[in-house]
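One chain, chain A, appears in both complexes that follow, with chain B as partner in the first and chain C in the second.
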Partner chain A sequence: MSAAPAPPLLAIENLQASAGGKEILKGLDLVIRAGEVHAIMGPNGSGKSTLARALTGHPSAVVTGGRVRYEGQDLLALEPEARAREGVFLAFQYPVEIPGVTSSTMLREGLNAIRAHRGEPELDAFQFLKLARQKADLIEMAHDMLSRAVNDGFSGGEKKRNEVLQMLVLEPRLAILDETDSGLDIDALKIVAKGVNALRGPGRGFLVITHYQRLLDHIVPDFVHVLADGRIVHSGGKELALELERRGYAWLEEPAAAPRS
Partner chain B sequence: MPNLVTEANAFLADFERREQEEAGRAPGWLLEVRREAMRAFLDQGFPTRRDEEWIYTDVTPLRRHRFPLAPRTSTRPATLAPQRFALGLDRGPRLVFLNGRFEPTLSRTGALPEGTELGPLAEALTRTGAADGPGAVLGTLAAAARHPFVALNTAFLADGLWLRLPPGACVDDPIQAIFLAEPRGEPSAAHPRLLLDLGAGARAVVVERYGLECVGALGEVGGLTNTVLEARLGAGAALEVVRVQREGGAEHHLGFTAARLARDARFTQVAVTLGGALCRHETHVDLAEPGAACDLSGLYALAGREHADHHTVVRHAAPRCTSRQLYKGVLAGRSIGAFTGRVIVEADAQQTAAEQANHNLLLSPEALAETRPQLEIHADDVKCSHGATIGQLDDEALFYLRTRGLDAAAAGHLLVHAFADEVIERAAEERVRAGLAALLAARLDLAPGAGGRR
Partner chain C sequence: MSAPVPGKNAEIEALAAKEYEWGFVTAIEEDRIPKGLSEAVIGLISAKKEEPAWLLEWRLKAFATWRGMKEPTWARVRYPPIDYQEITYYAAPKRQADGPRSLDEVDPQLLATYEKLGIPLHEREVLAGVAVDAVFDSVSVATTFKSKLADLGIVFCSFSEAVREHPDLVRRYLGTVVPRNDNFFAALNSAVFSDGSFVYIPKGVRCPMELSTYFRINAANTGQFERTLIVADEGASVSYLEGCTAPKRDENQLHAAVVELVALDDAQIKYSTVQNWYPGDAQGRGGIYNFVTKRGACRGRRSKISWTQVETGSAITWKYPSCILQGDDSIGEFYSVALTNNYQQADTGTKMIHIGRRTRSTIISKGISAGHGQNTYRGAVKVLPGADGARNYSQCDSLLMSATCGAHTFPYLDVKNPTARIEHEASTSRIGEDQIFYLKQRGLGEEDAVNLIVNGFCKEVFRELPMEFAVEAQKLLSVSLEGAVG
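== the complex of A and B ==
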């Protein structure tokens, strides 16, 4: 990392959000700089998925306070597609099945919308297919997945791999992976990690949400944060993940429960 | 209802005027068929919503206006562009009708299997008697005595499509029958008739297209197109009818399709209704002999205050017949889409397999879908199923697509297309499917690049 401070890719300040009428995020702060991989861990219900949804504009996550700057602009003011075009990507915890819409149709329209936003020429069907097949090869995905309906009838593992394929094609600057490891066997996990690592670089940041340390053996984070009760209660380096694996979360949640000034 | 007689009399006056004009030109048997039909129309009058078959469709707009017969077209046909209505079919037989009348300069038949008769009905009717040629099909499947608008169509019978295929004949390219209304500043009516007679083992695809050709500054005026198609399928014959309706948002369209299937014959229909002030299409299929099969599918895409009502009646009269129905509605604005599907399984029709589905996608909170399955089963060894759904675009799918960079409109169009594709895919001919997808895209006013391509 260079000595001069890079402008933060993502700066979350005191973010508060509710879901289903319940307060979930209660003042979350997080800064991700380009080139960094941040992992967020935490128990069920701590707000991990609500954070992912709030950052991508899902209507179920209602932001009630705080702000989020993405490359200096107000991320929360943007429609979901505008966030995508600015380079924000979410690998869904539960990828949606869309019968009748092929992956290649969706991805080509998405990619071309993003390219148009960047002032780049659209890819025609052949150019797109060539690109998408290269990316599929990288994560050992059969090419015919591209001509199948989006996630329709896919196994859990296929869906997660498809999320990574989409990420590789769309080349986001901020990628949020919401429990991309869940439901994967160790071989699939390695392949997914390979896809993520292929995209790592100085211009990109990652927010990796996971329950388990094992993903972080393969996608080695620069920072690990613990989310509990809607706040980041502890941050550390990659070794923190190992400690959490050993000790669980209880020892970290206690300070949050203590009275505050 | 005293004013009912008056309304029907408006049609009677037109009928009588035309009889005088054409005196001596039409064969006597045909004049009698028309007169009989006019009497049948006057006897029945207009249906009302108290009539079980018409509870979803109020034909009051048809009673309020006079619909004189559309004038013979005087426009230079050369200025018309029938290829706009050709669904991308650049070869094969094409018959074009303007205001219900055959237009030879825009039509072609090309090479056809030996013994095939294909041409304008008006001409075929004058060549033959009551018991041969089209006369032998006319009125046998669509009875004037039992349906007021079939009666009206028959009373004003002038022209349309005549197709006879001898046994074993196969026409490879789709046969296009394009009916264009050309308004002249006041509402008028056209009553096209299509008569199809397929011998044993014959095969054909017929594209039945209804459109509006506006000339100069004249726009939609709320005219009436009232069609009847009768198809007789011999043993083992296969007929696919792709029916596309779109005259305009102010226009009225009534359609009646009837098919009778002999042993092992197969009838496929893909009916695409793209809306109008009032649209109704009835399909009556008689699975008369063992092993006959029909596949009826329909797609209606409506907006504004448009109204479309689809009725199907499938009669299983013999053993081992199958019927499959899939109707789908995409309803925007304050539009209303209705579907009534009746399946009758007669006592002898053992080993019947009948399935029916009607699915509706509401794109606006003001749109309305009505659905009514009616099963009448008198045999015991049957497999019948039916299902109906009314839903909206899947919010999670919309969000997912938007996170991939598609804007909300493009994402919605992609989902609507995915919904509609299941019907379009049932057309066998690839060019026809592509044409239908493009038409639907235009109807749904898709943004360029949004879902119109695959």
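== the complex of A and C ==
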């Protein structure tokens, strides 16, 4: 560990947010340092997806209080595309279909926007394709997926794998994975995990949102947090995931509800 | 059907407020005749063009028919009554009287105008493989590559020149696809048409380059009444491009063109249009009224006519490029993107009339509505009793970009042969907040995201366009939609 610690990659303080007119996040605190993998688990409706949306600026998640610093700057003040260009990536739980737009076109435009933001030269079509194919090989994805329309006619598993491919190409500094494991069989899950693990490194942080412990067998987290009723009610190491698997969430939710005044 | 779109209107509508880029007026002396329509005016037009007596007679018969006709009201477009006596029916750039023989003789002002429009009129066209017959107001000012085409026996010239040089061909085909009494606007055009283009591809000849015409309205209050006739003889093929931009005007201008295509045995005609007439301002003031009759006759066996249109301009678009599938095994196609923003109204579609056996047709229509735009698809598929084994596939998709726009679909089917197979698919979707967000999350800005989604929506049509045209069409779409997401 270095003597003078850099500001955390992500520092969430007392974050409150509503969705659909309902209060969902009720004061969430979380710090992620570069190099760390954090898993967030919790029952349905606890606010996991709202957290992902609030961090990336989705209009359906309305932040009503608290603050979020990303590498020291006010993340919430940035437009969604500016957050993306600063290196915040979301692997969507339900990736949308965009008929007629090929994955490679979309991804190249995105990558070049990000590179332009960093002051790097744009990649031409050939350079891009070479890069994208290398990354596709890493997760055993057929190259022709790149020339298909974005998620159009993809199976659930293909969509999730496509999200991971995009993450590998865009190389974010903060990657948020929103239930990337849902709908995947065990082989697909391993491949997805392989993609994530390939990106793990000292300069990068992960927020892995999941419902099930099984993903964490393959993406081993440094920290596990339990989200319940809009707050993190319990944090621990990777062994917490196993305990949750065994005992469920109920034993953790009770103390969270009690101190409310 | 109409479907409102909820959501972030202000943001997206702010994007749509881009001014018409091609609004400028060229100061050129004009040779015009008094406004209004009468036998005398028609006589004057015909005399100015030194037309033969049969053509004057043809015009006058059309005029007599038109006088007994009523302006159609069945289209889903609203506009104040047009006073046909307030319109000037002929204007030609004055210098044209001496007739430029080469580009060097063309009025530099005209050339500058084309320059601004990005029309390639110089030798670089050779590289681009495009021959241009540019119509400035009503008279063709320059035709290029004519000699090269002439070597192959191809005729590509202004309509007036065709009347002089190839009267037999013109007389044999004029009005045989769109009769002069076909409809109100076609009859008007038949009476007063000023100029246009004529193409004849002889037997067995494949035209080696895309033929291209740019129409442009310049003079205020001057209606444009082009007449285009394209004939592909047996085994011939041709691809024809028509592109339009018009300078900005406050008054509404009437445009009533007629295009006739004739394909004989084994002939193929591909007709592509990018229409970008002035659409009016954000409040719906001004803009072109575009009432066009376009029709192709697949007369020969195994003939094929393909229409591709990208309609982004005009205050009102009333246009139904159609195919009469007369020859056995003939094929008709219609690929269309129609965009209405602000207060634009479009009522467009096609008619596929199956007469011959095993005739096939494909209709792909993409309507995009933004602002207060109203977009109607109106299409008819008609299968006559003799059309054994006829097949049609129609797909009509609408994309809505604001809460105040409308999309409407009127497919008409009339099938009189039990062996026919007809398929129709339709969809209406709104541009998704989630789609836009997804692209932003990958680093794209709002405008780029919208353009990408819209271009994706139109892809099936764009890929039918010749490549240079496809690029222009995409550019046009993004300009027309700036600020339109809402």
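Operating definition for what follows: the second predicted complex is superposed on the first by the 253 of 261 C-alpha atoms of A that agree within 3 Å, B and C clash if a C-alpha of one lies under 4 Å from a C-alpha of the other, contacts with A are read in each partner's own complex, and residues count from 1 in each chain.
Please note the rule applied: contacts are C-beta pairs under 8 Å (C-beta built on N, C-alpha and C of every residue); 3 or more make two chains touch, one makes a residue touch a chain.
In this text the structure is predicted, and so the values were computed from the model without any measurement.
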| item | value |
| --- | --- |
| Contacts of A:96 with chain B and chain C, given as first, second, both or neither | both |
| Which of chain B and chain C A:170 touches, first, second, both or neither | both |
| Touching partner for A:110 - first (chain B), second (chain C), both, neither | both |
| First (chain B), second (chain C), both or neither touched by A:215 | neither |
| First (chain B), second (chain C), both or neither touched by A:136 | neither |
| Chain A positions touched by chain B in one structure and by chain C in the second | 56-59, 79-81, 84-85, 89-90, 92, 95-96, 98-101, 105-107, 109-111, 113-114, 117, 149, 166, 170 |
| For the chain C and chain A complex, residues of the former touching the latter | 8, 432-435, 437-446, 448, 452-453, 455-460 |
| Parts of chain A lying in touch with chain C, wherever the complex brings them together | 56-59, 79-81, 84-85, 89-90, 92, 95-96, 98-101, 105-107, 109-111, 113-114, 117, 149, 166, 170 |
| Residues on chain B engaged by chain A in the complex (per definition of touch) | 394-397, 399-408, 410-411, 414-415, 417-419, 421-422, 449-451, 453-454 |
| Residue ranges of chain A in contact with chain B within the complex | 56-59, 79-81, 83-85, 89-90, 92, 95-96, 98-102, 105-107, 109-114, 117, 149-150, 166, 170 |
